[in-house]
Every structure is written in structure tokens, then in C-alpha cells.
């Protein structure tokens, strides 16, 4: 449906997009996720035609977009603050698209009425944008874009300006609307949770490069780079050296002196320097008598214990001095292990991700 | 240490604080938690003396504060954006307090040097506030307040202006500094996670009233009101009627027609209308053959399945049409139960919170 | 525009000043009329002034229109994508803002008058139009730039050309800030029209000057003239304020 | 203050205009000198002007100082906790902003002159001081109010009294916005001093007027005068800009 091929873009000598290639399928909800400044909004704007790539090609529905002017592209764009026209009421806002191409009013009206009905906006037909709630305003923006029957809808963080407690329900609404209309979604956000909730597939963008694209499941299980691990959630990072190979796995000796046995490390040889990432919930925590079986049983002292609604998070200092983040489910009424207590930790080597040593940031 | 006694305050006919009483102990980290507009900042400002209560009394270290001017109160105040004086360097910022009371410079200097050392700021002695990182700026604000040796430190959301990824480490730093100086902390925030991480005790403020004060554990286990449940995390709310009493528990029939057996409901009689709250992680989810034992086994269909780093969240629609939020730990490599699948749910009646029916919002 | 904090006192001051100036404007002419007229002229100041008021308001109105035309053109020039146009507009605005209005009036009337006869009234309107146009250019530019960029982009992505987006979407919104600002400039012009008295146009001040000199009655005449200006500007500032509020609300 | 977008073109325009005016200021007097002088006066315009420049700049400077004093007092009055003071200040500012400067000058010089002799120079400085003071009052008020409230509160909670907090913490920060704004007002004053020519003060414009009338040489004289003002204001605007940048950076 949408094909990006080697897109490059610089502003004032600063490279913002550094060769992004991507294919998005018909009817897919694809989320571009990345920290602010990673180039995700720029990419969206290039697709819409607001800017022109220095290099590379945007193809929508088999048509090269390079010679196509903004107003002729088969895309809808949803802005961060929805960008409704404040001097027009809801009906007129939605009618802008059809009126520009001189559609007769008696054809426009039934189409708008239908959209208003589908999007639960019929009562707001004559309202002004300033009188709409955040959710209504989002639906009007969608209606305004959808009436033009675009091939793909580009959404530029439409939820970031919305109140925290509304965001969850607007997210669900976006999903539902996408399902109802079956339209292809390209959604841009810096919010991990938003991406995970909305996406069929997620593309992780960092410093103008697409690091990985895949389902949430793929990103968690087979992260392509350390940045993907770090960006998708809490983690512990161990710098170490491979000291032994065991099947597809290996034993890594960390700089603090701990031994860590990991399962997926077939690319590494003995002596290689590496970084091992272990997520906080892949470390089990227990009293001094638990976890008696090696490998990866470490001893430590609880430095901090924070009960959350469904989890308890710990900071535990191991004998070697390293402080680990640990998260455990909170299924009992227990308060968790108190600060100061001696504990045993079991690191699950199956879920450790091993990468070559990174030296920059 | 700090005693608030029946504090009331209105601005322009709007009641902001409606009789708040509270005792904070020497050396305690107390967090006032509430949504924006709940009156928490006003309360802090009354304690500092920036505003005057209409009613009630503030006592610090056994001294009634009513006749004491702002500049004479034994409190330190940390502002949201730290409010460092931009026209003075770090040293001079910290020296403001002692200089006002004409402390000789040769007494001030060693005290500042010591503070700078303790707070890892010695290298920044001559820096301007604009040149400091968020963390340094917070430490300077703390040093500036601490040099006056206040009895209590009032912190007004000092982390809310800080970048998301810095916040966690600044939080830990605040904890450490409080431990180092052993000073009493009164911290105000709207951020649940922040409160849970920082507090010995948390006070939940809502619409000018203190709903509950207690340890995080107490708030989770024995919430005093539905708002406390709702504000502290995800939840499912069931409106129902008590149809049977069993020991200290009861059976509630929900308006959708499900039966829900709960354990702690000794205040209720058969026929009482009530709201039952169950947290998403207290509902177990499994295939059609699991959880064969009553009570509280419901059947439903997965509407949405979102894998997060350590958890999977579901929306499941029961046969009665009610949609439940469910959260389960993510300890296996499985992708979770796919959307559209039939599942069985087991609601844990031990952790259900029952309250009389609420009709407003 | 004015911070809300001082609004209440400003409103009170407005009422007091309007009340006082109406009172004095009604009261003073009778005293003036009773002063013996050495010039043998039996017309009172109050009888002479309507002409002056007509000139003052007429010149204000025409100058404002001229400045709007000049300012709009220059403002759009500032937003042009062609650097040459932007430099030319900058030359115009910087030069006109650097020359005192009074000097400009003399220049147009006397200096350019050496080459072709410029009627005083035309000189005044040209002078004001070009001088204030240099400021209004910035108002038009800022008004357009104050409309969020996404408004134009949304319009484009819905199928509008650049020109359609500017005229149908951006301009209607820009007028909200432009119209009140033009009102304030016109208010300034109303006061500055007093400068045309040096071109022998019989505006309020000129009539006052002549009356005062002829009757040797400086204090009462100038008090009257000052109050009249005060009354007119206060009235007009209320009009501008009303426009401003309507535009901010709508 | 000016949006960055137009800065480059404004700077270019500034350079062109300064260059052109210097060139013409140097070139024109020689042509003027060669014009036969019907009045038998052998002094050239360029020789007469230093007095005018001295008056223009001197009056600008003194008026600016007067306006700063008046504006500071009135600005602090606006921030007073006593409503009476705030109303009084509002009456002053609203009245003075409603009366044209030229009328004010006539009023002080001629009308008040009926009761006590006011030297023209004093009338000018008083007029400018009170007129611009009404605007500077707002600059001082806004400057203080622009400093975040927490600055004063932080100072109080560290042990300062209200007055100490205002003078040691708030004012030094307020000056960052106040000083550049005063600079811009003074720039406006420089142009407005041309009005004092009507009070027979021999400022730049008055000397130009007299020279032009005596020599029947309007075009070249007024061109020269206009360029001179342009040169002076461009120069001063650069100074103000430098101050502004320094204050924004520091």
C-alpha cells in the first residue's frame, strides 16, 4: 500500500531521516515509535507532501508521489491538536474537502450525515470547534479527513494534547474507527504504551533510522538493537565478556564479577565484549533460602521496595555492588520484601538479550 | 512535627480546602497525592505562609504559625521549576538565606562548601542557574533551602517540569537526600507512581478533603473510599445488589446479572445497593477448560489484547455484555490469548472492595 | 491585550475622564463666549470647532484606509517567498519608521511640492498612509504568522491550493488579531492628526491655535482643545475595545 | 522582540539605509553650498546643523530621564495594594495617553504660560516626560509582573521581607525587559522631538525649516533633514538592539 524507499531528509545540514525504507500493508495499523527528535513527524510530513525528501521515493497504491502536489495526494492527515477550522462549524469543517472539488451540496449532505451518524456526532452538527470535547474534536478531525476517502490516514500524535485520563478511551476509539472504516493507519507517537495498544506492527525510529519493524511480540522477543530494548521498557544492563560457550548460549562474566548464563548468544565467541540486557520482571526475588539451584543465582540486599497497584518494584544491591531493578507481580497481600533484607535473585537466562558492547551514550 | 487542624480556604467563593487535619511525624516523607485542582498546592502554600487559611491552625514543632510571617517560618520551599535566582550564581543563590540574617561571610562559606560537597555540586559553585541540568538545579534548590536549617521541607511537584526519563533518577536522589539530612518532607504531587516511590505515608486529597492517609500498603488493601481505589490504579467497577450474606462476605448480583462473591462486606445487608471494585490483576484469565471451580468464574471473549513489557492487558467482554479490564503478568514467551478467543475468567473475591452505591461522577 | 489585573481601574478612570470632559466641554464655552473679543469676532470656539472635528476625523479615516492598503501590500510582501521582495519591503519599513512623521509631512508638502503641487490634505493622507503603513505591514505579517501553520496544512491536505488556503482558512483567522491592532493604530492616528495643523489644515488644533491667538485666551482654549481630543480618543478607544472583545470572543 | 524570520532582511535593509544616508549626507551639502544664497547668508546647512543635533539629542536624553522617573513612580503605583493609588495612576495614564503630544506641548507652553513663564525647553521636557511617562508606567508594571511570582516567594521563604524581595530579587530581573523597552521608547522620542520645532526651539527640523524658507531650497534641505533623522534613528536602533541582545543573553 504505502512504500517508503530510502527516504533521506536534512534540515540546515542536520540529517533528520537517514535512509528509511518501509512497507505498510492495506488496512494495517502501523505505529512509528521513537523519542522526540527521531524524525517520525518529518517522515509523516514527507508522505503528506508538506515537505519534500532529499532522496528516496514515496509510493502510495502503486503511484509515485514525487510529482503529486499536497492537495492531490490520497492521504488524510490528523494533526496533534486536530487543527479544526475555528471559524467554521462542525458541518462546514467536514464539508471543506468535497466543496473544494465542487461536489454539489445535495451530494455532500447525505455523506456528511452518514459520517456524523457513524461517529456519534449528529448532535454536534452545528457546534463550533471550541465547544467540542477532546474526543468529539478528534472524531470531527477524522470525519473531515475520511470524507475525502483517502487511501491512508496519517496521524501525528493526535493524543498527545489530550488529558491523561481521556487518552485511554480515545485510543480505543481510534482502534474502533479504524476497524469500522478498514482504512490503513500510519500513526506516529513517542508513547510506548500508546504504540503497544494501537499497533498491528510497530516501527522503532531512532536518529533518522528505522531500527526495527515488527509486531509488539517480535520487538519484545527479538529486539534488533539495544535501543529497542531500552526504549520498550525497564531493563538492567550488564557489561561483560563472554567466557564460555554452551550450545547456542554462553556464560558472560560481568565487569562487577558476576557470572551470567544466557541462552541466545550464538553470534558471540569467547573473549567478545558484550552488553547483556535483562528486564526487571525476568529476575525473580526471594528469601535467603529460595532458588538454591544455579545458574544465575545472585545474592543481594533490598535498597528500595515500592508497591504499585499490580506490581512491586525493587532496587537490590548485589554483593558485587551492582544495583538491579526488579519487578515482581503483586498477587498476594504481602507488602513485599522490606528494605534492608537479604534476598536471593534468580536471573532468567532465557530472556536475556545479548549485544556487542556499545560505547556511545 | 507538623500539625494541620481543620484547615479551610476559599478563593472567590470557591472552597479549595474543606477542613483538612493531618499530623506529620519528624523525619517522615509524607506525600500529598491528588488530581490537579484538589487543593494540594494551596495547602502547601498555607503552611509556608504565602496564603492565610480562612479557618484552622498550622502548628510546626509545637509553635502556632498564625502570627509568624513568611520569612520567619521554619520551612523550606521547593518550587515546581526550582525558582533559582537567575541573576546570581550557584554560590550566591545558596548564600541568600544566611546573608539576609547578616551571617558573616566567613561563617557562610564553610557551610556552603559542605553542602556543595554533600550534594555533588562543588564543581558548579560559580555556574549560573541557566547552565545547570535538571538534576543539578534541583540540588541547588535543595541546598538553598537546607542551609537555613528548616524544620520541614515543602516540595511542590518539583519533578513535574523535568523530562520523563530524568524523573526516575531525580526521585531516587530526593529520597537519598532526605535520608542523608533526616529532614521532614512534605511532598505534593498528582503522579501516583511518584507518590508510591517516595512516600512513607501518602495522603489522598480530593476536592479539598483528605480522604485517607496511610502507607501505600494500607491504601491498596483498605481503601477508605471509591475515589482512593480509582485514583491508585486500573479497576473494574460493578454496580450490584447484595443478595446473600456469607460470613463476613456476601454475594453481589451485578446489574448485568453476574454473581460476584466477595469476602469483606460485613457492613452490608441483603438488599443493599453497592459498587464492587476489582483490580485488573485480580482477575485471572485462561482457556475454556481452566478454572472449573466456582465461585466467580465468568465466561467471555477477548476484545483486545495488548502485550506490554512485563504484562499483558486484556479487554474481555462477558456473556452479559460487560467489558472487563484484565492484567496478567507476562512470564512466558507466549503472545497471550488472541483477540476473538473464548476465555474463562476467575475474579478473586478476596481483593474485591465493596462500597455503598455512588451516584455522582 | 491589557492584562486583566488593571482592567477594573482603567475602566473606572475611563468613566471619570469621560464624565469630566463632557462636563467641562459643556461648561467652558459659555465662559469663553463671555470674554470680550478684541478681534471683533463674535463666533465662539464651540461654533468654530465642528469644521475642525470634521477635518480631524476625516483625515483620520482616510489616512487609516491608506495605511491599511499600504500595510496589507507590504505585509504580504514580507511573507513573500522571493528574497528581493522581502528586502524591498524591509527598506521601505525601516526607512519610514526612521523618519519623524512631522518631517515626512514637511517633505511631502514642501520638498516634493517643488516638483508638483501637492494639496495639503493629500500630503497629509499620503504621509500618514506611508508612515503608518510601515507599522501596519508588521501587523498583517504577524497576524498571518500567528495562525498555526497546521491550519494551512490541514486545508492543503483537504484539497485546497496554497492561495485558497490563505484566503479561505488563514485570513479569516488572522483578522482576529489584525482588526483590533488596526483599531489601535487608528487611535494613534487620531492623535497624530494634530500634526496637520502645521500644513495649515484647519483641524481641531489649528482652529484652537487661531482662536487662542486672536482672543489672547490661551488657557481656556487649549484646555478645551485638550479635553476635546481626550473625549474623542476615549470614545474611540472604547470602540476599539469593543471590537477587540468581539473578535476575541467570536 | 522582532520575530527571527525577518531579521536577516531587516539587517540588510539597515546596512543599505545607513550606507545610503551617509553617502547622501556627505554628498548633498556640497551641492547646497553651490546654490546662490538670496538671503546673503553664507553659512551652509551643514554648518548650522550641529546646534540642531545638540538640541534634538539633548532634549531626547532629558525627556527620557524625566519619563523614566515619572514612569517608575506611576508603574509602582499600578502595583500598589491601595486601590486609591491605582485609580489615581489610571487617571493619569489614561488622560495623558488620550491627549496628542503636540497639544500637550502647546498646553504647557502657551496655556500654562498664562500663569507662570515656562521656558520652551522646560515645556518640551515636561511634556515628553509626562506623555511618555504614561507609557513607561506600563513598561515598569509589566516588567515586574513578568518576573515569575515564585521568585518573590522563594525570596520570602528564604527570609527576605517584601521590600527586600522586590529590590534584590525581582527588580534586577525585571530590568531585563524594562531596559530594552525604555530604549525603544527613547527611540520614539528621538523622532517626536521634531515637534519641539513648533515651540521655536532650534532643533534639527526648525533649523531645516528656517534654512529652507530663507534659501527657497525645500527639496534638498528636507531631503537632508529626513536623511539626518533616518541616520540618527538607525544608529540608535542599533544601540537599542545591542542592549536588548545583551539583556536577553545575560
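For clarity, chains are labelled A, B, C and D in written order, and residue numbers in each chain start from 1.
Quick note on the criterion: contacts are C-beta pairs under 8 Å (C-beta built on N, C-alpha and C of every residue); 3 or more make two chains touch, one makes a residue touch a chain.
In this text the structure is predicted, and so the values were computed from the model without any measurement.
Top-ranked chain pair, ordered by C-beta pairs in contact, is C-D.
Chain centres here are Cα averages; for chain A and chain B they lie 27 Å apart.
Averaged C-alpha coordinates give centres for chain B and chain C that are 57 Å from one another.
Here the spacing of chain C and chain D, counted between their Cα centres, is 20 Å.
Shared interface positions of chain A, defined as residues touching 2 or more other chains, are absent. Annotation for chain C: no residues touch two or more other chains. Taken as a graph of touching chains, this assembly is arranged as a ring, one closed cycle with exactly two partners per chain. Contact between chains, per the stated criterion, is found for A-B, A-C, B-D, C-D.
The residues of chain B lying in touch with chain D in their complex are 48-50, 70-73, 75-77, 79-81, 83, 85-87, 96-97, 100-101, 144-145, 148.
Chain C contributes residues 148, 150-151, 153-161, 164, 169, 172-173 to its touches with chain A in the complex. Against chain B, the residues of chain A that register as touching in their complex are 172, 175, 193, 196-197, 216-217, 220-221, 232-234, 279-281, 304, 306-311, 315, 327, 329-331, 333, 335, 350-351. Those residues of chain D whose C-beta lies close enough to touch chain C in the complex are 3, 5-6, 9-10, 12-14, 16-17, 78, 83, 86-87, 89-91, 93-95, 97-104, 106-107, 110-115, 141-142, 145, 191-195, 197-198, 205, 208-209, 212, 218-219, 221-223, 225-226, 229-230, 233-234, 237.
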